Structures are given as structure tokens and as C-alpha cells.
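One chain, subunit A, appears in both complexes that follow, with subunit B as partner in the first and subunit C in the second.
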Partner chain A sequence: MPVVIVDGQEIEIGADERLNCIEAARRAGREIPHYCWHAGLTVVASCRMCLIETGQRDAATGKVTMVPKLVPGCQTPVRDGTVIVTESEKVKESRARVEEALLIDHPIDCPICDKAGECLLQDYHFEHGQAERRADIHPFTSRKRDVGPTVTLFVDRCIMCTRCVRFTREVSGTGELMVTSRGAKEEIDVFPGFPLDNKLAGNVVDLCPVGALGDKDFLYQQRVWFLKREANVCGGCSAGCSIHTEHNQDTVYRLKPRENPHVNRWWICDDGRYGWHHLHDDARILAAGRRLAPVGQTGRHAGNGQAAAAFQPVEWADVVTGLRADLARAGHLAVAVSPMLTVEEAWMLCAVARSIDPQAYLALGHVPVVGDDETFPGGFTIRAEKCPNRRGVEEVLAVYGAGGHGWDDLLAQVASGTVAAAWITAAYPPPAGDAADQHRADPAVSWIDEATAATFAGLQTLVVQDLFESPLSEVATWRLPAAGFAERAGTWINVAHHAQTFRQAIRPPAGVWPEGRLFWNMLGRRGLHDPVAVRRQLAESSATFAALAGDVPATGVDLRVRQLA
Partner chain B sequence: MKPTDPSITWLEEKPLGLAERLYLPLFIQGLTVTARHLVSPKVTVSFPEQRPTVGNPLIYRGVHRLNRDPEGRVKCVACFLCATACPAHCIDIVATESPWPDREKYPESFQIDELRCIFCGMCEEACPVDAIELTSLLDLTGKSREEMIFDKEKLLSVYDMTKDAEPMKSASLGGTL
Partner chain C sequence: MTPFKPVLLEAVGVADGHTLASYRSRGGYAPLERLLREKQPAEVVEMVKSSGLRGRGGAGFSTGLKWTFLPKDHPGPIYLCVNADESEPGTFNNRILMEDDPHQVIEGTIISSFATRATTAYIYLRYEYPHSWNRLQAALDECYAAGLLGKNILGSGFSLDIYLHRGAAAYICGEETGLIESLEGKRAWPRIKPPFPAIEGVFKKPTVVNNIETMACVAQIARRGVDWFKSIGVPADPNNPRDPGSYGPKLYCLSGHVEKPGCYEAPLGITLRELVDHFGGGVWKGRRAKAAIPGGISMGLFTEAEFDTPLDFAGPGKVGCLGLGTAAVVVIDDQTSIVDFLHNSCRFFAHESCGQCTPCREGTSWSLRMLERIKAGKGRLKDLDLLLELGNTMGMMPGSTICGLADGAAWPIKNAINKFRGEFEDTIKRTNPEGWMVTDPVPALQIVGAH
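On to the complex of A and B.
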């Protein structure tokens, strides 16, 4: 195994690993500061922050020969015997000079800069810079440039690392951003008439090490040091990207990608990034309700206000008992298990349904599909299937001998008149709006049309569990609220059989129980709803989910790999 | 450090002397203190009929105010540093893009809950543009809790009210970020 010596410490690296000095030093617990280098982009070695001393140890004699001048760590690959010195006086002096040069032309407007608190320029200057300013110029201008529908560029804060430019060229493949002028007058810009408008545009804001690129959706909303972050999984499509949900006082402020080499690497798409606004939408169903009068007498299509008045609010304790009694009385039961539910919730729902009606017809809920899979040159794919857990629900249904039953099969069952009661779990977020208004989706556009909903009107009992009103909830006997993606805990299995476990990021609005909590109580289980206990139990009872038995790593596990082993 | 550490010197309480044990000398000493205060000048004032004098308004910590810049606009740039520094969490700011070209953002709403405030002056310390200051107004009363939540207009009006008596503490720094 090749050995690299980092500040006198010998570390072994893999024989076929191709690491640069920054990565090798990181293995030894040494952080080499860098701006322009990013593991997901090509190397340009332009910021000069990662300059270090390197050398080579002769394998035969053990004698070390150092390179006389400093080299950029990002551009220097390591091999057996490479010596890296990250903390010598020469290196420290170089870093202080780089910091000084960067700050000569930087408007030090940290108090009003949204990056303050997570800014590499701040962090590195604190650690490697000098306290006093020797330049006598104070270029405190802050020019703002609109580069796209979601991104604002603060021209003077830029340190010209060109990460954003490389991103649009290499990963999104759209190439909107460019560098204009030369030398001290270099600026990031777009061509007139070609704004930064692609599905991955938001990532340039995450890439920016300073406050030059601002996300319009988050700009001025909250200072970053107030935010708490929870490792979460995006529910926008079946890719299941790893994200951080950043929130404060049960309000989500932004979503950030979380590095996961197995799923999304460093990126997420803008549909996912801005796909949290529905969580705080006023139109959400916020209380469990039971219909007062039979459907028809209140006027099904009378509009939102009157439809809501047709439901009487029910305490959750009464929902737990009343729902079971109603469904048991009705007779043959059909259950749609939504692909928005977690594996644990789906499993408990199936158990609840079979305990009410041992012959209950279980099927996968409606799977929303929009367009085709969209793959970018950098390898990132946005899936057409706009739900995170179709695979997981299918596997759970297979455990209950209902594998292959889809939404259409359930509709056929209902139409044939063999079922008397149906329990439809939905929790579908509103579809993302068009490009001009992708921030706020329209909750009025429903996942189900009037004609399909009408086929359910003849049932004796119809339970609908959803985020928003829909034509289906208008004909429901029980209308129950559902939880949004950040409000649940559990496991989702993405399109590539990769299972990721996550915890609840924010509490749902008052009056809303996440689905899992209702199922837990309907099963008569004691204590608080505990998704981890359910997952362990599921993993013990089913070979498919065996890989989920222990603690699942933050990057998730591949269910198929463990099965083969 | 342990109690047995040699660098620590432990002092013992002195045993009572004869005068202490006789009790009477100390009793007379106490009476003398009382008598001296009986004849010394009074410092108590009959508030609110009589107004107390504030020693140095520059360091007095009374009701807050939001300063205006020379053009009469609110000086605050909505950086949230006062809200961050506040140990009582009594400052609530909503920031938005400013309508003026020379400023990036400004507070759309700025509220201080004067009932929660402990008048520590940390907000004044934290402010990078000297927009928030504590005046020497000390009689802060209201008829309801809502009334005691000062919004931006009220805080600006405190400035208008006190600016002549108490000029901006660091007027020479002026300007905005």
C-alpha cells in the first residue's frame, strides 16, 4: 500500500486511489484551506489558498527531497513516499498573503451578507489571515446583478474561484456563466438574453465559498446561525437525494444538498430545493374530520369553504377507535398505500388494514409521473416519478402478498363494486409550477381528477389522508391530514434500491399527526410512535429489509448488495 | 487545584477580642452609623412628581431608539446582530430588500418587546451601524402587553423625541455600511 507522510504522520492510501494533497491531508485530519477546488469539479488551481510544501521520500535510502517552492495542493497528486507539509512558516505566510490580497478588493459587508456565518472567506481569514489591513483603499461598493430567476450575483463579493462557471459547464452542461474582463477587473456574468435558468441552477449558490451568489428564495430571510439542520431525504422524486433541512422554530427556510456518493453526490435539483413551500401552505388540511351528512346532501362541488363545513372535527383519540369501527362495519376494505409514505408507515398501514379486514385488498397508491427522466452531462438525474418510495411500498406489499397491485388495479376493484370501504393515503405535494414560478406550486392542481374521484362516491366508507383538499377528499367520509416530507421519520427506498433512513426535521402543524403515529396507535402499540423500533422489527421479519436491521449509515444502504452477501 | 495545594493560604476567623465580647462598644458603633444617616442630605426623590437626574446619558441604559440617517431613513440595515446578541430574545426583525440604491437590505419590521428586555445594552454594542441606541428615558409604562412591544415607527419616534437632548452617540461615524 502506498504511504503518504502528512506533517510527519504516515498514512496509507489505497493502491489504485488517485488523491490530491488536500484529500490525502484530510485523511490525516489536516485541513488544507481551499476556495477554487471542489471534489465534483475540474481543478484550476487559481485561488492559491492551498499552497503547501511537498517532497518525495526515497524508498531505498529514506532521504526526503523537498520541492523548493510552494505547490497547489489541489493540483498535486500524491503517490508512495509523498511528503506533505501543511503548517510550515512558509505556508502560513503564503496563506496570510493570499487572504490579504482577496480582502483588498472585497466589500467587507459581512453584517448584511447572507453568507456570513458559513463563509469560507470569514473562516479562513480568522484562521490564516492577519488582523490589520495594510491597504488604504476601501472599495465598499456592493453591486448586484440579476443572473437568473433564482440567483442574484453580488459582483464585488466574488473572489473569482470560478466554481460556478465550471459547474454550469461540467455538471449542468448549460454553460450560462462566464468570466468577463481580465486581471483585477474579472467578473462573473451571463450573456445578455441567456440567464442562469436551468434545473440545477441553485447549486451554484451552495458552491460559492463567499457571499457572491445569493439564492433569491432565501435572501434576507434568516441569518444562517439561527438555522438548525437535520439530515433528511428529498421527497420530490424517486432519486431520493440526501439533503439537509435547515429550519428554525418549526419553519423550514431552505434545503441544502448533503454529500452522498451513492445517490446525489453534491447536488440537488431546483424542484427539490424549492419544493418545501407547501409545508407552510395555509391551504393544508390541519384537522381530522368526519362527514356530518351523507355525500350529495351537502353539495360535493360546492367549493372549499362549504366542503370543509361538511366535516366535523374529531379528536385523534376518537379517530383511532372510530376509524377502526367504521371500516370494520363497512365490510370488504381496499387500501391504497401511498408511495409518499415511509417503509415503516406502509408496513404498519398494511398491518392495520389486515387486522380490520383479513382479506383487505392492498395496492400501491397513485404514482405521479411528470415527463421523462432528465439526465445532465455531469451524471445527475431528475426522475420523472415524483414520489420517493415506490420501491419501498412495493416491497412491503410483496411481504403482504399484494405485490404488483397498482393504483389502476385498485380503481378496477372499486369500479367492480366488490369493495365497500376504501382507505386512500395520499400526502402528495402539489406539482412543481412552471419555470417562471417554480418556487410556489399551486395546491389547487390536484393529483386526482373529478371523474376518478366520482367512482369512490358509492362507497360506504372512504378514508382520505392527504395534505390538501382534492376532488377525492370532497367525497370522503373521513378526511385526515397527512405529514409533509420534513415532518416524517423513517426509511425511503429510491429507484436504485438504495435505502436511506431519516429523522423528523420539524414538527407538523398543530392538529396534524404524521401517518405513522396514527397507524402506531391503531395497532394498539404502547408508548410514543417509534419508527426505529418498527424498522428493526420489519428487518427481522423480512429478508428483503434485512439490511435495515442495525443503525443505517447517513449515506444509506443498498438493499440488493446486502441480500447477495 | 485541591484544597491541600501548598499554594493556598487558608485564613482562620479571628477569635473575638475583649471589646467584641463586651457587646456595648459595637452597639454604640451601630447607633452612630444610624445617627449619621439621620442628618446627612437626602438622595431619595418622590418619583414621578420629582424627576431623578440621570448621571451620564451616554452610558445610561433606558428605552431603545432606532436612529435615522441624515436623509431621515431608518439607519438599521437589518443585519440581525442585535437580535443575535440579545440574551433575552426580545428583538424580532423581518428583513427585506431595501428600496434605496445605496443600501442592500433594511428592516421591514423591527420589534422590541420592552417587557422581555433586560436593558443590558448588548444590542447597542453589537450594532455595526450605530442604529440602535439606549436613551436615558427611564419611565417606561404601558396599559397592555401589546403596547409594550415597540415597533419600528415607535422606536423611530423615540429617536425624534430624544435626538435634540441626546444626539447620536457616535455621530462622527455616520454613514451606512
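On to the complex of A and C.
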């Protein structure tokens, strides 16, 4: 195996690995500061922050020959015998000078800059910069420029690393951003009439190492040091991108991509990025309710043009018992297992349903599909299937002998009149709107239309568990709140059969039980709802899920690969 | 000095010297025809290599050796780029060649393309040379009409197209990889190396970039032979194995404070004083020289005492300059302020820095602003040390930039302050009697008020 010597420490790298000095040093626990380099973009070696000393150790004699000048760590590949020196005086002086140069024209308006606290310019200056300012220049302007519907450019804060420009050229393939002018006067800009408006635009804000690119959605909302982050998975589509949910006091402020080489690499789309606002929407269903239905001759309610009676609030303890009793009384049960549920929740729901009616008809809930899969030149794909766990639910249904049952099958069952009660889990977020105002998407636009909802009108008991009111609410006897994606814990399995386990990021609003908690209690299990215990149990009982038995790594596991092995 | 009959400039002053007929009457294109008929490309490469021809664009790299870096048996295409983005201040020898003898350049280009197996050549022409554009384009048209360009040149089976490409006026386009990027239609940001252009250049194909004057020299070597070329100039230093010598004639651009500025052809190795006295008619207005730029502003400065240094590829380096560069000599008389000179130099490089690498982008601009402050009577002695530090730390040589523009910006700073420090100190003390000695740190920055 090739050996690289980082500050005297020998580390082995893979025989086929193509690493640069920054990556190799990182293996040895050494951070080489850098701005322009990003693993997901081409190398330009222009910021010159990663300048280091390198050399080559002769394999036969062990003699080290150093390169006389400094070299950029990002541009320099390592091979067997490469010597990297990251902390020599020469290197430190060079870093201090680059920091000094970057600050000559920087407004240093940290107190009013959103990036303060997570800014590389701040961090590196603290670590590598010099205390005294030698440039007697007072540049100060702090110009703002609108470059797109979601992004603001603070022109003077920019350090010209060009990560954003390269991103729009190499990953999104849209090429909106460019560099104008020359020398110290150069700026990032867009061409007139061609704003930064694509579905990956938000990533340029993450890429920006300083406060130059601001996300309008997050700007001035929260200081970053108040934010807590939880490793999460985006529920926006079946890609299942790894994210960090950043929140404070049970309020989400932003979502950030979490690096995952198996799924989303470094990126997320704007649909996902801004797809959290519904969590804090006033229109959410926040309490369990049961309709004391007007009893007609048929013993059935509603669906006859009469205004339905209002839902009466029900305590959760009463939901646990009352729901079971109602469903048991009604007779043959059909259950729609939503692809928004986690694997654990789906498994428990099936168990609950079969404990009420051993013949219960189980089916995959409605799968929202919008348009076609959209793949960008950099390889990133936004899936048309706007739910995170269709594969997981299908596998759970297969465990219960209900594999292949879909939403249409369930509708047919209901329409045929063989079903007396239905339990519809939904938890669908409102569909994403235009890129500009997708977070203000209208929650009234529902996943189900009136005609489809009318199919359920004749049922004796209809349980609907959802985030927002829908036409189904009109015909429901039980209306239960659902949890949003960040309020859930468990496992989702994406379109590529990659399973990712995540914890709850924020607590749901008061009065809302996540679905899993209700199912846990309806199963009569003791103690607090414990998704990990459920997952272990599931993994022990099913070969499909066996790979989920132990601790699941942060980047998830591929269920198919484990099965083959 | 021994009389020297101009070769590269032989068409200057000849009526209609720029036409094909005139060039042919001087023996032009006959060597090309002979060469295409009798020689293999590898033999031509060997011929240029053995002539000791070093690139005339500034770096002085062996032309033949550069050609051998191209991959062997490459399926093609291979490109030849002729660098006519002549933007180094003080330099105009390419312009003379293109305007007065374009066919000499084109013949050299065809021979070089044949040697490198390039079937497409680009001449990247500086925007500010409209006359060169017209002359070159007319000459290319003549060549196509005469079967000297296009398919199956002179029945040899060798085909070549030459495209004339006009830049958009940026100094950085003269850097070979900046030129390549610009030619590809991109912003002229020099590329990181490796890969070098010989491996991956224009459109990701092997590429050779040569200067206009180099092309003219190739044409003359083909016409007059290797021995003729090696008989001119300064032979390699036998005591220095790394010195390849400075052979051949060279076009010197003489300007500044001389009586007769102009482009003069002389053997490599002429001293700066000979050039000024013999060709330039001495320093103007009977004044004395204070300094001179030896080869374009980015090469640094000679003091008057250093005027006897030979202007060959090794000479300027011996007195602390960067090199021969483009051999553009600008003489500065004793009534000119070196502070003004340096201010002008810094202004040029701050304006022309492409802005890619931090040390150059900020360093050139910072040095300009320091010079502006000194000129505004607010200079301090400590500024000189800061300027020197900037000069010593930016550039390819310390490793802090991608291309050599920053070295070019640094050398005038270093040379001017090291060689004329007294004048700088006097100026600062005279113009800033209250504050020249201040060494206090710069006060903390105020926060932006309005947002």
C-alpha cells in the first residue's frame, strides 16, 4: 500500500486511491485550510490558501527531496513516498499573507453578516491570520445584489473562490453565474435577464465559504450559533437526500445537505431545501378528533350533501382505545400505509391492523408523482416520486403477504363494498410550488381530489391521519394529526434501496403524536416509543431488513448489497 | 560593434514588401517547398533543435525542445498557436513583422506546423493591431490562392489551415494557457499546470504555443541554415551546463528617452549601452540615463551602471532582473522619478491581473494603492518594506500564483526599491515631512454604518 508522510506521520492510502494533499492530510488528522477547492468541483488552485511544502521520499535510500517552492495542496496528487509539510514557518507565513490579502477589500461586517459563526474567512483568520492589519485601506462598502429569486449576493464580501460559478457550470449545468471585470475589481454576477434560477441554486449558498451568497429564506432569521443540527433525511422525493435539519427551540430554520457519497454527494435540490415550511404552517392539524356522526338510517354519515358534524377533540389515551374499538366494531378493515411513514411505523401499523382484523386489507398508500425524474449534468437527480419510503413500505407489506397492493387496489376494494372501515395514513406535505415561492405553497392544494375522497363516503369508520385538511376530512370519522419529516424517527428506503436511519430533529407541535407513537401504544407496548427497538426487532424477523440489525452508519446501508453478501 | 545586415527585418522599407510576390523575390517559400519535398517532420524538429533557437516570446525556452514534448504517434489533431498578443509594455517587434513581412511569419508557421504535425494553426492577434490584422489576413488569402495553405500544400500531401483570431485586449491573453482559454472562448484565466499545453492544450488536444518572432526565425533557419543561425549571438557558456546559449538575430524594441526609438535587429548579446548609443542615438535632449527596462516592464530595471550588461538570455539575470523577456528596452532619463515609474508599473499590473490567484489579485492592487499614497504625500518608510515583501512573495517563483504575471509585477517593485531605495526614501521624506517615520499599526477598521 502506498505510504504518505504527513508532518512526519506515516499513513497508508489505498492502492487505487487518487487523493490530493488536502485529502491525504485529512486522513492524518491534519486540516489544510482551503477556500476554492471542493471535492465536488474541478480544481482551480486559485485561492492559494492550501499552499504547503511537499517532497518525495526515495523508496530505496529513504532520502527526502523537497520541492523548493510552495505548491497548492489541492492540485498536488499524492503517491507512494509523498512528503507533506503543513505547518512549517514558510507555510504559515504564506497562509497569513493570503488571509491578509483577502481582508484588504473585505468589509469585515461580521456583526451584520449571516455567515458569522460558520465563516471560513473568520475561522482561518483566527487560526492562520495575523493580528495586525498592515493595509492602510478603508474600503468600505457592503453592496447587495439580487442574483436570483432565492439568493442574494453581498458583492464586497466575496473572496473570488469561484466555487459558485463552477457549481452552476459543472453540477447544475445552468451556467448563470460568472466573473465580471478583472483583478481586484472582479465580481461575481449574472448576465442581465438570466437570474440564478434553477432547482439546485441553493447549493451555491452552502458552497460559499464566506458571507457573499446569502439564502433569502434564511437571511436574518437566526444566528447560526443558536442552531442545533440533526442528521436527517429529506422526505421531498424518493431520492432520500441526506440532510442536516438545523433548528432551535423546535423550530426549523434551514435544511443543509449532508455529504453522502451513496446518495446525494454534497447537494440537495431547492424543493427539498425549502420544503420544511409546512412543518410550521398554521393550517396543520394539531389535535386528534372524532366526529360524533349524525346517525342516519343506514347508520352511515355524510356523503349525502349534508354538512358534516364537527370533530370533537379526543385525548390521545382515548384515541388508543377508542380507535381500536371503533375499527373492531366496524368489520373488515382496509389500511393505506403511506410512503411517508418510516419502515418501523409501517411495520407497526400493519401489526396493529392485523391485530384488529386478521384479514385486514393492507396496501401502499397514495404515491404522489410530479413530472419526470430530472437529472442534472453533474449527476444529481430529483425524483418524480415525491415520497421518501415507497420501497420500505412495499417491503413491509411483503412481510405481511400484502406485497404489490397499491392505492388503486385499495380504492377498488373500498368501491366494491367489501370493506367496512378504512385507515388512511397520509402525512403528505403540500406540493412544491414555483422555485420562487415554493415555501409558500398552498396547503389547500391537496393530494387527493373530491371524487376519490367520495369513494370512502359510505364507510362506517374512516380514520384519516394527515398533516393538513383534505377532501378526505369531509368523510372521516377520525381525524388524526400526522408528523412532519423532521418530527419523525426511523428508517426510510430510497429509490435505490438505500436505507437511512435518522432520529427525530424537532418535537412535533403540542397535541401531535408521531404516527409511530400511536402505533406503539395501540400495540400495547410498554415504555416510550422506541424506533430503534422496533427496527432491531424487524431486522431479526425479516431477511429483507436484516442489514438494519445493528447500528446503521450515518450514510446508510444498501439493502440489496447486504442481501447479496 | 560589427555591422549586421538585418535578416528578420529585411522587408522593412521595401516597397510592397508585405506581398507574396515581394517575399518570393527575396527567396521566400522556396525553403518551404524544398523542406516539404525532402524532409520528414522529425528532421525539421531536429533542425530547429540543433539551431539553438530559443522562444522569442519572453521565457526563452528552447523551441525545438518544446516541440519534442508533444506525444509521439498522437492520432491528432495537434494545434499550433502563434502568440501575437503582444502586450508587454514597450514591445512592438511582432507588429513590425506582421505588418511589414507577414509572409515570413506565415512561412515559419507552415514549417512549424509541418514539424509538429499540426493541421490547424491559430494566430492569436492582439486586438489593438488592426493594421497587422489586415496585412496578415491579406497574406493568408494570398497563400490560400497560391496553394501555400489549405489541402495538399504544394503537392506535398501536407494540409494546413491557419486561422487569424483577434483577441479582446487583455495582457493575460499573452500567457500561453490564458491564450488557450481565450481561444476556446473562455475567460483568459491561465490554467494550472500540469498538464502542459504540449499534452493538453487547445480543445484538450496537444498544442504548441510559439511567438511571432520565433516563427520568423524558423523561416530564416529553414532558408539560411542552422550554421548561419548559430554563427550569430552568444555561444553557450562552457562552464555552465544549464546554459543553452543565445543564438540568432533578435529584434530589440527601443523606446523611452532616446533620440531614435524604434525596432532594431541585432545579434543576441548586444549590450544595452550599444543599443542606446549605436541605434538609439543616445539619451534624448543630451540628458543622462538613470535606468532602463531591459526587456519589457516585467523584467525589472537596469541602473545606468548596468547598461553594459549584454542583452542575451542570460545577461539581465546577472544584474538581478527577471530575464531578457521581449527585449523591449525603455530608457528612463535622469529627470524622471523612479517613484512615478513604479507607480505606472503597478497601475499596469493591477489593471491587468486576471484576478484568479489571491496573492496577485490583491497584491498588485495593494501595491498600486501604496504607490498612490506615496505619491499623494502620505508615504512612510515602512511602506517600502511592505512593498518589498509583496514583491518577494507573489509570483510563480515563490509558488504563490498560477502564472508569471505576478512575477512580472514583482520584479519592477523589487528592482526599483532595491536599486533606487535612496530616491524612494528621499521622496517620502520630502513629501511627508510629518509622517514619514510613523510605524504605528493601522487602526482598527470601522464597521459599516449603513447596510
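Details
Definition applied: the second predicted complex is superposed on the first by the 548 of 565 C-alpha atoms of A that agree within 3 Å, B and C clash if a C-alpha of one lies under 4 Å from a C-alpha of the other, contacts with A are read in each partner's own complex, and residues count from 1 in each chain.
The definition used in the following text is that a residue touches a chain if its C-beta (ideal position, glycine included) is under 8 Å from a C-beta of that chain, and two chains touch if they have at least 3 such contacts.
No experiment lies behind these values; they were computed from the predicted model shown.
When the two complexes are superposed, the chain touching more residues of subunit A, out of subunit B and subunit C, is C.
Legend: residue contacts after superposition of the two complexes on their common chain; A:Ala328 is shown touching neither subunit B nor subunit C.
Legend: residue contacts after superposition of the two complexes on their common chain; A:Val3 is shown touching neither subunit B nor subunit C. Of the two partner chains, subunit B is the only one touched by A:Tyr220; subunit C is not.
In the superposition on chain A, A:Val179 contacts subunit C only, with no contact to subunit B.
In the superposition on chain A, A:Ser142 contacts both subunit B and subunit C.
In the overlay built on the shared chain, the residue A:Asp109 is in contact with subunit B and with subunit C. Across the superposed pair, subunit B and subunit C both touch subunit A at residues 109, 111-112, 140, 142. Within the complex formed with subunit A, the subunit C residues making contact are 170, 187, 189, 192, 350-359, 361-366, 369, 373, 386, 393, 397-402, 441-442, 444-448, 451.
In the complex of the two chains, the subunit A residues touching subunit C come out as 43-49, 51, 69-72, 75, 94, 97-98, 101-102, 104-105, 107-109, 111-112, 132-138, 140-142, 159-160, 178-179, 181-186. Within the complex formed with subunit A, the subunit B residues making contact are 77-81, 84, 95-97, 104-105, 128-129, 177. Chain contact summary for the complex, subunit A toward subunit B: residues 109, 111-112, 140, 142, 144, 219-221, 223, 225-226.
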